[in-house]
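Below are two complexes that have chain A in common, paired first with chain B and then with chain C.
Moving on to the complex of A and B:
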């Protein structure tokens, strides 16, 4: 096989790993709380700034900056839920989406005020590795492994802990769970915090690959939503697989044409999927 | 006919505004407001029936770029270019709308499909950089001396008239729609699509109608805005950012009342200009920050927008009147 094509395939899978985390977080929040966080990519952006600030400005070691990023964004997720989402739980879905859209503007504006529109780079890079005939970026590979690990931890949390079971149950049936003695408000809070932490983890993986600026969320936000919906909103496994599918489409599309062309194909693919299988590609 | 005398007089009075020779800056803000109001009015045509589009920016861009490219490449006057651009945008809207309505993509899904479509248009504009100038944007060619009218490149007064006429046409379309059966049908569809279909409402056709009107208004606003600014770029005429701003304006003003989006445009543009003057350009972040906060606060406390506030006050009075009539 053409080594460049092979490289595009590998890169697609690696890219999918990066998309997978925010898609999982978004899916978790949607599946449990039933609200779409339109500002999810902006939470990731805040996390990227947090890592950048702690590492380059405050002089923290990189691992500590990464470790701090998760709880910081988890707190953002909690605040988002408490201040914006909870009061709107009984409102029409569109009002909820628009309110989180307002938070998107707030975070972009705040980031512009605090950090200006300049592009900030972490300046960390790992040497590329050569596997057979294919060059693989070390940073991307590390990010990919971390994403898989994060997804695995999330899966174990949902599968083997009491809270995780309650989360899965409430995603399945909102009415009955309170009767079983589960406080949905507490579960919503936990899901929001976990969703935030996942955004924080995604931020750690993205900040080593992309420069941070206030509008960086717009570059991967829309695609994250599409991945979520394609996998079936609330369907974690579907979203996870859809992330890799989108990663492959973009990477292979870019191999045949330009990067822009590949995004057009990915978005068009999403639209067609919505027409043909609105319940999601991987819905049972 | 009587119903239209007062609005016509009001419109004429607004059109006479340049006679007072207000400062250029005031005219500039007013023109921007009216064009934003037109885009918001177009969006709210669909929005108020539950068809929430996050991709309306794409239609502004489609019409504006069609017009500018036709002018720059073959010298077609914007007087024809704008209608052509609007037709292009409407066709795009129909191309997306028909399968979406037919296959019943609704709610969150509809919003996300339109979001994807809007992004596609933005990326295509960037990708076709040979003719669109890509992210750097493009400027319509300067008209030859004396050819300003044909090139639709005239002073602020001319644009004020043009924008006002387009805006008034948008409000007229709103009123005509409200008085038609389609409005009732669409209201029924937004309540319960199955029930509406079961009593014989042609769901797809009604949705298509309102989509065409909505897209046409937004596209007109986009083309006129580009022509007024004499500058086009993908960020301000397509994509998620501008689409959300249109939505915000319409929601803040109130999308259920004809003047709601106009009130919203006055607020958003007023806010933007006020913040720019108040904070200066170095605080560019302040405008979206305040915007976003307001959007959240509106959703929390005033989900029907400013116009909704008056509505609530007006309703009890109307109810009383109806009761009074019944007993009299």
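Moving on to the complex of A and C:
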């Protein structure tokens, strides 16, 4: 096999890993709370700033900055739910979307005010791995492994814990579960915190790959939404798989055609998917 | 549901209000204060103070323009009449730029708007200014397409245009190939990657034309979106083509993304040339990459501190010195970005050589009076702090409104500073290829 094509395939899979975690978090929240957090990518941005600040300004070790990022963004997720989403739970969906969209602008504006429009960098990079003629970015590979690990921990939490089971049950039928003694308000809070923590983990993986600036969410936010819809909104496994599919389409399409053309293919694929399977590729 | 509409409105207003308030730096929210009494002369400054362009040079462009107005007022304005800068933030979005320009012209009733960082904004804006017969004074946006074959009468650009960038960066390679790379120019493989807006398209098209003119092979020419989250496949393709020289035309964060992924993707080359915008933010690039970008090159109009001020026209060196001192004191930078010089210089040209004579002649600052004054400007080489002279092409020219005396230089980074290497008459000997210790250097 052409080593450069093989490298493009590997790039696609690693790129899928970048998209997978935000897609998981977004789908978890939507599946349980039934509200789309339009500001999800901006939560990731806040997490990236948190790591940058703790590591480069406060002098914390990188592992500690990473560890702190998860609870910090989990708290942001909780606050988002308590202050913005919960008061609008019974409102029309458009109000909920507009409200979380408003938070998006607030977070972007607040980040500009606090950190300015400068591009911030951790200055951390891992050496690449060279296998024959194929180069694999050490940073992206580490991020990919961490994404898989995070997804595995989430799966175990949802599968083997009582709260996780309740979350899955609510996601399947939010009308019936309260009748069986599950407090949906508590589950919503937990799902929002877990969704926030996943955004925090995504921030840890992205901050070593991208510069942080108030609008960094534009780089991956829109495509994350597309992936979620393509995999089936609320379907965590679907979103996870769709992330890798999208990564491969972009990478291989870019290799055979051009970088711009690869996004044309990806968006065309998305549109066709919406015609053929509007419920999402992996919806049951 | 009457309440839902009302609450939605409230929410949108609050969100928008917070977002806008938070996204505009304090310096931009206030109008630039007049220094003394008299009827103020109001001048618009439209730049990107938020969004990706802000960090890619638009903020120093604004700061330079603002400083020019402050210094102009400090020196008496126009016979005691101060200039008031009315600033607006186009937020790195073309639609916002259009709306803000409409507001500046319609509600603020301005006759002239300066600034305009991005060519993607300048292209749609220029036609609107022309239609409304108001002056658009471009201090940054460089795409040739903004002016070419348009025969605009109210749009002026004192700075360089994109064809000049390619002329510089391709010429350096052609002139140095035999001596520095040990091969004839026809054997040097070039590759060009560029952001897909008018700026990237304009410069890359000129690179292709210049390479063709010199029979230099362009092995890859490919566009990408400046906000793309990944360029690793493009890096793979570049590695496959094994170019000696890589040209990048980007803003930011695509520049840092490319450098990072190029390194981890094993891409090696003999030299890399940037073309202004993010590549001109020397301090930021140095903070991020340090010695890794040592000896890489960039094309742009010269930042004033790179020039030998003794060769400038009388009085210009003092102006350059004052600008550098004031800017350095206010913004605490290691090396002034070219955009700061561009903002200051091109605004100063307007204030001193267009506004002042127009007001003196007509008593006011109508767009037509400013236009007449602009067409009379005749500044010789060395007459501005960036070294170039000013003479605008007349409306019948294919590049009407373009400064025919603008000069683009190619510079090379060394120890967090930029040094001119082209034109060779004013530049120093370039270091080429990249030294072997550079992580991007092609070893054989």
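The working rule: the second predicted complex is superposed on the first by the 280 of 284 C-alpha atoms of A that agree within 3 Å, B and C clash if a C-alpha of one lies under 4 Å from a C-alpha of the other, contacts with A are read in each partner's own complex, and residues count from 1 in each chain.
One rule holds for everything that comes next: a contact is a pair of C-beta atoms (placed from the backbone, for glycine too) under 8 Å apart; a residue touches a chain by one contact, two chains touch by 3 or more.
None of the values given here were measured: they were computed from a predicted structure.
Peer 1: Is this a clash or a fit when chain B and chain C both end up on chain A?
Peer 2: clash
Peer 1: On the A-aligned overlay, A:36 touches which partner chain: chain B = first, chain C = second, or both, or neither?
Peer 2: After superposing on A, A:36 lies in contact with chain B but is clear of chain C.
Peer 1: For A:81, select first, second, both or neither according to whether it touches chain B, chain C, the two together, or no partner.
Peer 2: Touch partners of A:81: none, neither chain B nor chain C.
Peer 1: Kindly classify A:218 by the partners it touches after superposition: chain B alone (first), chain C alone (second), both, or neither?
Peer 2: both
Peer 1: Figure out whether A:260 sits in contact with chain B (first) or chain C (second), or with both, or with neither.
Peer 2: A:260: touches chain B and chain C.
Peer 1: Considering only touches as defined above, state whether A:251 meets chain B (first), chain C (second), both or neither.
Peer 2: In the superposition, A:251 touches chain C alone.
Peer 1: Return first, second, both or neither, reflecting whether A:113 touches chain B, chain C, both chains, or no partner chain.
Peer 2: both
Peer 1: After superposition on the shared chain, which partner residues are touched by A:278: those of chain B (first), chain C (second), both, or neither?
Peer 2: first
Peer 1: Using the superposition on chain A as set up above, list the residues of chain A that contact both chain B and chain C.
Peer 2: 91-92, 94-95, 98-99, 101-103, 105-106, 108-110, 112-113, 117, 214-215, 218, 258, 260, 263
Peer 1: List the residues on chain A that touch chain B in their complex, please.
Peer 2: Residues in contact with chain B: 36, 84, 87-88, 91-99, 101-114, 117, 214-215, 218, 221-222, 225-226, 229, 233, 258, 260-261, 263-264, 267-268, 270-271, 274-276, 278.
Peer 1: So in the complex, the part of chain A that touches chain C is made up of which residues?
Peer 2: Contacts found on chain A: 4, 7-8, 11-12, 14-15, 18, 91-92, 94-95, 98-99, 101-103, 105-106, 108-110, 112-113, 116-119, 121, 123, 125-128, 130, 135, 137-140, 209-211, 213-216, 218-220, 223, 250-251, 254-255, 258-260, 262-263.
Peer 1: With touch defined as at the start, can you tell me which chain C residues reach chain A in the complex?
Peer 2: Counting only chain C, the residues touching chain A are 1, 4, 7-8, 11-12, 14-16, 18-23, 25, 49-52, 54-55, 59, 92, 196, 222-225, 227-234, 236-237, 239-240, 252-253, 256-257, 260-261, 263-266, 284, 287-288, 290.
Peer 1: Which bits of chain B are touching chain A when the two form their complex?
Peer 2: Touching chain A: residues 50, 52, 96, 99-100, 103-105, 107-109, 111-113, 115-117, 119-120, 123-124, 126-127, 239-241, 244, 247-248, 251, 283-296, 298-300, 303 of chain B.
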